[in-house]
Each structure stands twice: as structure tokens, then as C-alpha cells.
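Each of the two complexes below includes subunit A, the first together with subunit B, the second together with subunit C.
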Partner chain A sequence: MSYLDLSIREIHAAYVEKKVKPLELTKEALLRAKANQDNCFEYICEKEALEFAEKLTEVEEDNLLWGIPYVAKDNLSTKGIPTCASSNILKGYVPIYDARVIEILKEKKAVLIGKTTLDELAMGGSGMTGHLGYTYNPYDPDHKRMIGGSSCGSASATAASIVPFALGSDTGDSVRKPASYGGLVGLKPTWGRISRYGLFPFAPSMDHVGFFTRHVEDAAIVLNALSGRDDRDSTSSFKPVEDYLEATKAKKQYKVAVIPEIVDSISDKELLAEFNKTLDKLKENGACIDYVHMDPASLSSIYATYFVISCAEATSNNANLDGIKFGPYYEGNSYQEVMRKARTNGFSELIKRRFVIGSFALMSENQEELFLRAQRNRAKIVSEVNAVLKDHDFIFVPAAPSVAPLFNASGDKLSSEYLIADNHMAIGNFGGLPSITVPFALENGLPLGANITGRAFEDGEVLNFAKQVEDVTGLGGLSAKKEDR
Partner chain B sequence: MKEINIDVLKDAASRLMFDMTEDQYHTLLNEFDVLTKQMATISKIEGLEKYEPMTFPFDCTVTFLREDVPVTPLSVEEALSNAGSVLNNEIKLPKVVG
Partner chain C sequence: MNFEAIIGLEIHVEMRTKSKMFSPSPNAFSKEPNTHVTPLDMAFPGTMPVVNKQAVINAIRVANALHMEIDHTLYFDRKNYFYADLPKGFQITQQFRPIGKNGYLTILDKEGNPKKIHIERIHMEEDTCKQLHMASYSLLDYNRAGVPLVEIVSCPEMRNGLEAMRYVEAIRNIVVYTLTSDGKMEEGSLRCDVNVSLRPYGSDKFGTKVELKNLNSLKNIEVALDYEIARQSACLLAGTPVQQETRRFDEASGKTVLMRVKTDAVDYKYFCEPNIAPIHLSDEFVDEAIKTCPELYEDKKARYEGFGLSSTDAAIILSDIEMSRYFEKAIVNAKNIKTVANFLIVEVNGYLNKNGMAITEFPLSGDNLAKIAAYQDDGYSHKQCVDIFNYCLKEGVEPEEAKTTLKIEKQISDDGLVLSFVTEVLDANPQSIADFKAGKDRAVGFLIGQVMKAAKGKVNPGAVAKIMNEELAKR
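And now, the complex of A and B:
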């Protein structure tokens, strides 16, 4: 086993004890990145990473992220490093500024080794729609299974143990679902906890910066670094930042709500049996588990609510992608023709369909019935979720109804399994609630993830309970590398 | 609600400043069949008029004025570095008048 396969704290200890140097680990991470066959990368920052790591000679003992290699989803702005959000409309775009999270990690002297693939412009949940094609799940060397999306490359790279952590973004479940399919810890903190300055907007009322790790403690370390107010993101919070690492240390006893309407919409019996075993272990560990009912009609409407709002916001937010200020330029006889050619050639069919759906929802004749009704329903769902969280610390349910699906799998898009079990995690985005996925079992060698959603700004409690799940399942540090399985 | 047909979809695409092929419009029209049924899950919910449309998860109003802090603006080179058509330190586009 290499140091690169260890937790952030263990790598840090190895740096302090001078057993290994950042430059050596950076070189190894780059080797793994270049050998990767899962289509994780838009760009491997070899030159930039080596130059950066070479300067890291004096270990900072109080800085756990010093010299730690990482990757970032390619919808986060990186100064001087190509960033295209896996879309041809931004091919060749080189940002002139860093996203706040990239800036912080530079200050912490973490080493960015690559920009990762995503579903085009972060709109999708399969990892199949980026302009470089499918991103694969490293748990399936035959390349038949998805890692999920939209943060597909970041999830795949972390699951393949190329890096100990990876930045992503989450608008519906784009960190937490791939975390489930990749056996990872995937955290979407409270909305406003991490600055979104420099994150390409998809649907800003639901967009979050999130990240993947292989250990819950690593998630606490990364959240400690990234949290805090940023004046350049007016939606970032002024609330004081707690010490999340400290928050994971003392085991607390929690009151946990399991939602039967979500669990019962899952047909995979093995998954359900494993989930029940996990609940038993948590009870033995001191958790109070209650089954709390929610209105199935509300739960069934989560997907449509998410889809209408996100498409409508995306339609508006991507109006700046015109091929004039950035992206490939196409000659034309008028500026309208220039824009039309850029947008026709730059967006894939799927993105165009989403924009048309968003535009349809915003048409004056439809706005009340579609867009505003979806926004009202969002408020209703959030009030129902908050009512559950009034008496319980968390909602705890399977993150997805199955292991990573096959690329060619087809399902009924109107079934409860699809509408509820496959899409419930958007509640965390509707209400801006902290939400984390952690692995709870393996089914035929493929990971299954559970999701914990807590109260706004109680990210530390969510991490504490996630650590307890990790402890009772013994699945901390899971990766797709063969020797780990 | 406006009736969904190919002409409505073409009008939307035109306003969004892109073209789609006839096949793509038909795929989208078929997608609307499923979508309409999914959207019906919202129409079925009763009592929504009691709720205000939710535009953000929670209030994040900033109630103070920031101090004026001088900053260095973008240089011309930076501002134009990603533009595909540039002339004399300006973005060049086809003439609008004349």
C-alpha cells in the first residue's frame, strides 16, 4: 500500500515524520491519473502540480492539507488552467481567476493534480453526458457501470485512489449519488457554508460546492478548510464556523428518523437487508431509530419540483455562454448569428432540451402553473422535512435504490422507485440542509451508500453521526483498488 | 398551460438562440410526454397557494454597506484573453448599423 492510499491525517503524519515528500506523492498521483482508464480527467495539471509540489519542503505541522494531492470538478474556475465544464461551448476557456475553494486550497498548499469530467455543465446524474463521453465506475473494470453524476470524474478518481479527496458540486445529489455508487463519503454542507465564488452556476438557489473523501474524518478536515464567509458570494453565511474535526470526536447519541415511504419504494431486497443490519448496529451503538412517515405525494413530487426549478434557473444562468466573451467563436453576418452558431455547436442535444424545458416553464402562460407552483411545492416539502427534523436529529435512508446501475439499464421514470428512492436527496438542496453519503455495505463487490440529512448549519452533528455509521460498518477508507477488496 | 407542440418548442429554441434538428424536436416532444406526467405529481398537491414561492433555502439578506476598498480591475489583456474576435483592444462583432 502506498501513502497515497491512506487518510489525510495518515499522509500528514508521514510528511511530519519525513517518510515521504509532497513531490513524491504528487508524482505518484500523476502517474495514477495518467494511467486511469475511467475517463476521469478533462485536464491533468502535471507541470503546474510538479512546480507547486517542488516548493513544498518545510512541512507545516498544524496544516493537515499541506502537500495533499487533490482534483477538482471542471466547473470550478482555476486561474491559468483550462476549465470547460465538460461542454464544447467552453472548449479552450482559460479562467483568469480562481474559485474561492481553489484559492483556499492553494493557501493550504494542497496540490491540484487535475480537473475532472462532469455531466455537461453539471446537468445530469449519470456521468454519461460530458463532451468526452462516459466516465466509468472503477469498481467495474468492464466499464459497464456508471459512477453517476454530475461530479463523475471527481468521484471516480477518489474511488480509484488517485487522490484522497476531490472537489465537486451538488445541485440535486451530484456529489451524494456518485458517492453512493463509488463507496465514498460525499458531503454537501449547508447552503452558504462554503463560498460558491468561481463555481459555474447551474441553479444557484440549489447549487453547493461539495466534495468526496474515503474517510469521514477527511471530510471534516476538508470542511474545516473550506468553510466561511466570502464577500464575493453574497449568499455565503456569516454564521461562525465550528471545528468540524473536533465535532466528529466524541460519540453522541442521536434520534434518527428513517422514512418508510423512501425505504419501501426500493425493490432491491439485498440492499434492504443490509440497510436493516446497519440500523441494528446503530441501535446497538446507542442510536434511537424511529420510523417517521412522510406524505408519499410530497415525496413523489420531489423530482418534478427539482427538474422544473433547475431547468428554469439553468436556462437563465447560461445565457452568458454566447461564444463572444469566451468559448469558440464562429463567424457570422450579425452578432445574433455569431451567438446562434456558438450555442448550436456548443451545447449538446441534452442541454438544449433542458434549456427548452426551462424556457417552457418560464413562459408567461406557464409560469404560475409550472415554475411558481414548483417553487411553492419546494417550500411545502422543506416545511415537511423540517417538521421531521424538529423531533429528530437526522433523516437516515439509503442514498440510492441500488448499486451503480448499468449504462444500458432502463427503468420506469414514473415508478415510486425512480421518483422517490432515486431522487429524494434533492430535499437537502431544497432546504439547504447538510447532507452526507457514506458507504454501508457491499453487494456483490459493489458499494451501497446511506444518506444522512440534518438541520441547517449542524454540519458537525451530521459528520459525527456519519463517523458512527463508518465505525459500525467498518467501511472507512474503501476504494476500488483490487487489494482493498 | 400552453399546448406543447413542435412550433412552441421551436419558438423556445429560437429565443434561446440555438437550432435543433427535426429529429431532436421530436425526441423532445416525446420527452414532454413523460415530463408532463411527472409534473402532474406537483399539480396533484393540494393547498400550495398557502406557500410563498421559495427562491432560496433561507434568508441571506445583507443589511450593511461594505467599506469602499480599492481593488485593481482586470487588465484589458485579461478581459479579452478568452474572446475569439478582438480588434484594437476591443471585442469585434459584425456591424449592427450601416
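And now, the complex of A and C:
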């Protein structure tokens, strides 16, 4: 057992009691990172991390993140440290400024160990499309299963216990889905709660900074640090930040909505049995569980709606990567030629496909039928979700229809299992609602995650209930290390 | 001519705010390229736009001066296109909800009658990079990238070059006096795109539109439009249809030259800017912006005319906002504002022109100019006052000291006293009288000189000349 495998609070206690020093844990985390075989890393900040950790000699007793090693998804801007969003178009790009969340963690003296892989430019949900290839699920040493994406490297690194927490980003379910496949706590707070300044945009109206931990309490600790207004992100909220750690303490009784249209679209019997067991435990624990119906047509339209809006925004957000300021420079006789060459060579086929779709949806002759219709449908779905949340504190459903899928699994993309159970979490992005995934069971040694989505700015309530799920399942601190399974 | 010209203008005005439209980078003139740049201006991944409050205040003030409806919720949109000078690959603008719409302003038409020009919209947006094209490469200067702009779009209601020129002049006066912009056309801080088409008188359909660019002075607008109207008219009379095209004004020849033929319009794929949530402007905020708006050009002009200045003189002073600032400081303690204005228009402007100087560099304070003007009102001759003025500038001294050093004393203009000196001199110089009668005009100069000498320069030469001529006629 290493201190590195403990919770943030336990590591902090060990620092306070001088049982271990940040430099030792930093070295250990670096060793684990370098030994990692799951393709978690774009860049391991060995030199920077050691220099930073060396200076951490006087423990700050009131700062739980002091000396805690962490990793960050490679779409978060890090000053002086290469950041390429797992895309060839940004290969070699070294940012000149820190994202707000990186800046905060520097101030908190958390130690950045490395930058993690993602689906190229955060577009994707498999962890298969980054320029370094597949990122693997540490629960499957045979490398046959995905960890999911797009925050694949951060999820995989946390599941492998390289670090106690990892930053990610979540536009559709890019933190919460891999959290489900990796047995992790994955939180996407309310939109505007954490500054997005320095997060490479994919679809800003749905983008969130999120993160992975192995304990719900740790998620509260990290959220406490990262929340708050940032004048450089004008969409960040002025709402006062509550003490989320405090919010997880007293067990509260909640009214919870389970959506049968989501649950029933899942075919995995074992998953459903485990989920029902969890519901029973929660009832025993005092929760009021109701089955609340939602319009299946609305739920089935989430994926298409998400795809149109996200591709449309993405095509615009990535227009800066044109080979003039960013991206490899290719000679050309005109600016068009320079741009065409850079973008043709820099983006993978999948990305270009999304750009074409996004552009198509925005063209003036299609905008009404595609982009604006998707926007209206998004608003409709949000109002339906808010109607459920009027009488219930949360929506509680399985985060995914299965354990981590095999890389070569082929599913029916038009089945309701895919359209609903595999994509419902984008609801949280449509409405900017706080949403968290927590493990609720293991199926043949592979984790299953449940998702809790609550009302905007009720992140504390969501964490409180997540803690209750963690308590009734006893899966707090789960990791892919053998002794934990 | 058989055709009526239909002219509409789109004017882009660079705002003189401290920082840029969406970034904290300084918005100021710099000779050194790429020095006023933050990561946002170069579209570094992850940077986010934050709306400049002062730019919003300026836009509200201009919209109010143009009698527009002001939208109390701000929305921004993206205009997407690829171009070398466009850092983000899109421009943030206000396509769907401009901050102001449905306004007007009044100009004078050719006959001098007031004419209302309706204004469709005013919106805020950001400027692009400046490009410098070299033989085999281009250079980019990001100092201009992100500079706040307001775009003012008129309805197509102007009918000739003069009206267009007057419209632009009126817009310039508004943006300059609301302190929105320096409005310098030559430097590109006020840029006009003009659309012009012709149609037969009486027709209610529009002809094919031609866009004119590179109109970098008021005069050029008039010249270019007059040329272009004549050109299109000749085309139509010759039976050649006017092409839809963009033409550039060539200053040297006074002609418009084809730049490019317009093909299908670019689809800018506008959509709402997701990084700026709609911003509600409270009534208090909008009212405060309007209430604290500096005095508008037209109001200032009316006030100056109220001081007794002619419309022309008021316009001369107001043609340069710094000149009007100087003027307003000078008249704070002035007794006769008109005299101060005359000194400013004639003497000060003369000095500035001679020395290639701007009013801001003029060494004499407004107060001192007012003092010198007051001497004239007090009975000192204009020439004496000019001497004081020149001495002050030359030696850098106060007017009192200049007057003492130059031993300038008040001259006598009292007719009785002057007459006694004149009579004395005429009596003593019969030969000069004879010379004058024989047609030698120079004799008068001599006689006046004698009077000045006898009076030791203390008489007013104007009064002497008047009485001398009267007395000579009598003899």
C-alpha cells in the first residue's frame, strides 16, 4: 500500500503528520506514469513536477490540495508545457498562459504530473481517436476494452491510481462516461461554476471543466478549490461558492427520479439487477425513489441534437487552427492554400467529418432545419428535464448501458439502447446541470457507474447524494489495482 | 441625366476605448507592430471574449445621438469565414440583435433644405489584423486585431455625392464629439463602404448595386460618387448593364477602378456567440450612458452661435475637437467671446499652420489668449494685440509682461483729440496737401506718420486715417 492510493484527505493527513513528503509522492506518481502501458499521457512533466514538489516543505494544514499530485487533460492550457489536445494540428504547441483551473491548482500547490490523452480535440467518446492511438482501460490488462472518452487519459490514470485526481472536460459526457467505465467518481458541475478560461473549446455552450476522483469527498475537495467567478470567462457565475465538502457531511433525504425510459432501454440484465439492488439500498437508507416518465421521443433525440450543435460550434471554434498562427506551416501561393494544406494534414478524417457536418448545419439554407431546430429541441429537452427536477431532487439512472465496451464491439447506432442509454447524460450539458457519475457495482470485475443529475447550482446536493450512493455500495476508493477488486 | 442615384452607406468606426473590444490589450496607436497583443487577440486556444463596457457605453451614446431604439439586452454572434487577417476564423459581431435600430439623422441637401436620412442599424464588432502585402509574402500586425468597432448602416436614401459626404460628415461629428472615436478617415479610424445603384426616375425598383471602397476623405466620397454615377449612367445609356462589382476609388485619377466582380455572396454561417451570455442592460445603465454623454456637435454649434459666432466660424472651431476644447477653456473667463474666437480662428490658426503645429502643442494658454483678446476689447488696437500675441509666443512670457516690455499703451481714438493732431500736421505740411491733390497717394501715408509721431504713437492709426481723409477732402 502506498499513500498515493489513498484519498486526498488521507494523503493530506499523512503530510501533516510528516509520514511522507510531496516530493516522495511526486516521484512515485512519476514512476507510475512512466510505467503506464495504457497510453494515458501526451506529456509527463517530470522536470517541472520535481522542481515544483521540491519546494513544498512547509505543509499548509488548511489546504487539502497541498502537495497532491494530479494530471490534466491535454486540452487545458499549461504555460510552458506542450498542449496539443491529442491532435497533430497542435503538435509542438507550447501555450504561453495557464488555464484558470491550472492556475488555481498551482496556487494550491497541487503537483501537475502530466498531460493526458484525449479523443482528438475532445471530440469523441471512445478514447480511440487521439493522435497517439487508443487509450486503454486499466481494468483490462489485455488492452481489449476502452476506457471511453473523450477524457480517456485522465480517467485511465485515475483508475490506475497514478494520481488521486485528474482534470478533464465534459461536453456530452466526456468525464462522466469514462468515469463509469473506469469505476470512478466523475463530476461535471453546473455550467459557469468553474471557469473555462484556458479550456480548448469544443462546443462552448456545452463545455465544462470536470474531473475524476476515486472518492466523492475528494470530488468535493477539488470542486471547492476550482469553483468561483473568473473575470476572464464572462460566463462564469458570480454566485457565492458553498463549501461542498461540508455539503457532503450530513446525510440528507432526497426525492429521486428514476427514468424508466432510460433504464428500460438497457439490455444488460446483470447491470439492471445491480442497479435495482442499489435502488433498494438507497430506499433503505431513506431515499424516496420514484419512477418518472419522460417522452421517449425527446430522449431519443438527444444524440442528434447534441451532434448538430456540438459539430456546428466545433467547426467555428477550431477555425483558428489554420496553419498561420497555429498548426504546421506549409508553403502556399495564397492564404487559402496555406490553410488548406495545414488543415488537411493536421486534422484526422473524423474531425474533418464533424467540421463538414457542423458547417452544413450552419449554412444559411440549412440552419433553420438543422442548427436552429436542434437549439429549439435542446431548449425543449431542458424544460422537460427541469419539469422532472421540479418535484424531484435528482435524476438517477445508469451512466452507461454496459461495462466498458470492447474496442471491436459493434453496436446498433439506431437502437434505443444506443440513442437513449448511451447518450442521455448530454442532458446535463444541454441544461448546464450538475451531474456526477459514481460506481455502483462490478460486473465480472468491471465497474458499472450510475449518474446523478440535479438542479443548476445545487452541486452540493448532488455531491451529498453521491456520497450516499458511495456509502451504500461501499465502492469508495475503487481502483484498477488488483487488491481493490 | 435620366437616372436617379440610390446611395447607402456602411460606416465602420474604430472606437477609442482604453482596451480592445473583447480583450484587455491596450487599444492605442503604436508604431511598433504586434506590441498591443494578448493571447485572445491572436486566438490562442482556450481564450475567451469579455465585452468591453466602455465600448457598450459609446455605442449607446452614438445610437442615442442617431435617435435609435436601443436594445436593452446585448447579444453577440459569430460571423464565420477564413481569411489571413482574421485570427479566430470568425468575427464576433451583432448580426441578429444590433444594439441600436431605426434611427435617423438630418443633413442639408444640395438646395440647403433639411433632409432626414434613416439609419437601419448600429452594432458593435471587432476589427481584424492589419495586412501588409510584400512581393512574395504578407506581414500581419495584430495591434489592430480586436479593436472595437461600431458599424452604422444607413438606409439607401442619399441621392448624390454631396448628400453622402454630408451624411458621413454628420456621422463623423457624432462619433468624434461623443468621444467614441477620433474619426480620422485618412488613418482609417472611420471607414466607409458605399453602395450605389441607378434607376430611371419614377421607378420603384433598384438597379444593380456597385460597392465603392477606399474612400478616405470626405471630399473623395463626393468625387467618387459623382464619377461613379456618371459612369453607371453612361453604361445604361449605352445599353450595357451595370455589373455587380466592388470598385476602388483611385485618388490620383479621381476615378473608380474595378477591384472584383461579385459572385455569389459568402455564407457567413452566423450563429450566437456561445462564450458571451446575453447581457441585460438596466435602464439606469443606459440612461446614465446617455446622461453623461459629452455635448454633441450640433449642441455645441448652437451654443457657439449663441455667443454671436457665425455658423462658419463655429464650424471652423468645431472642425477639430481639440480646437473646441481649447476654445472652451479660453472663454471661461473671457468678456467678449467673439474676439477670442476671432483670435483663435485667425491668429492662432495662422501660427499653427506656419509652424505645422497642432492646437494641442500650442504654447499659449487659453486664459492668456483671452487676456490678449480682452486688451483689444479694452481699446488697444488689433495690431498692438497681435504684437503682444507674437511676443508672448516668441519669448514665452505672460501677456502683461509682453505689454510692459513692448511699452504698448492704449491708443487714443477720441475724435476731438485726433482731429487736433491732424489739423496741426496738415497746417504744418501744405506741400503734402498739394501732392495729395496732385494724385500722390503716398502723401497720406506721410501725413499719418507725422500724426503718429506728434502723438508719440498713442493714437489709434485707424481713427487717424479716417479723420485724415475727411480733413484732406475739406481742404
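Just so it is clear, the second predicted complex is superposed on the first by the 485 of 485 C-alpha atoms of A that agree within 3 Å, B and C clash if a C-alpha of one lies under 4 Å from a C-alpha of the other, contacts with A are read in each partner's own complex, and residues count from 1 in each chain.
Operating definition for what follows: contacts are C-beta pairs under 8 Å (C-beta built on N, C-alpha and C of every residue); 3 or more make two chains touch, one makes a residue touch a chain.
Model, not experiment: these values are computed from the prediction.
In the superposition on chain A, A:Ile113 makes contact with neither subunit B nor subunit C. Shared-chain residue A:Met425: touches no atom of subunit B or subunit C.
By the touch criterion defined above, A:Glu369 lies against subunit B but remains apart from subunit C after alignment on the C-alpha atoms of chain A.
In the superposition on chain A, A:Ala203 contacts subunit C only, with no contact to subunit B.
When the two complexes are overlaid on their common chain A, residue A:Ala304 makes contact with subunit B while staying clear of subunit C. Of the two partner chains, both subunit B and subunit C are touched by A:Lys325.
Using the contact criterion defined above for the overlaid structures, shared-chain residue A:Leu414 touches subunit B, although it does not reach subunit C. More residues of subunit A lie in touch with B than with the remaining chain of the pair subunit B and subunit C.
Of the two partner chains placed by superposition, A:Met123 touches none, neither subunit B nor subunit C.
Once chain A of one complex is fitted onto chain A of the other, the partner contacts of A:Lys380 are limited to subunit B, with no touch recorded for subunit C. Overlap of the subunit B and subunit C interfaces on subunit A comprises residues 93, 96, 205, 231, 234-235, 315, 322, 324-326, 335-336, 339, 359, 363.
Within the complex, the subunit B residues that touch subunit A are 1-2, 4, 8-9, 12-13, 15-20, 24, 27-28, 31-32, 34-35, 37-45, 47-49, 51-58, 60, 62, 66, 74, 78-79, 81-85, 91, 93-94, 96.
Listed in rising order, the residues of subunit C touching subunit A in the complex are 39, 42-51, 78, 80, 82-84, 87-90, 138, 140, 267, 269, 271, 274-277. Those residues of subunit A whose C-beta lies close enough to touch subunit B in the complex are 92-94, 96, 191-192, 205-206, 231, 234-235, 237, 297-298, 300-301, 303-305, 307-308, 315, 322-329, 332-340, 343-344, 347, 349, 352-353, 355-357, 359-360, 363, 365-366, 369-370, 372-380, 382-383, 413-414, 419, 429-433, 456.
The part of subunit A that touches subunit C in the complex is made up of residues 75-77, 83, 85, 90, 93, 95-97, 99, 196-201, 203-205, 231-235, 312-313, 315-316, 318-322, 324-326, 335-336, 339, 359, 362-364, 367, 371.
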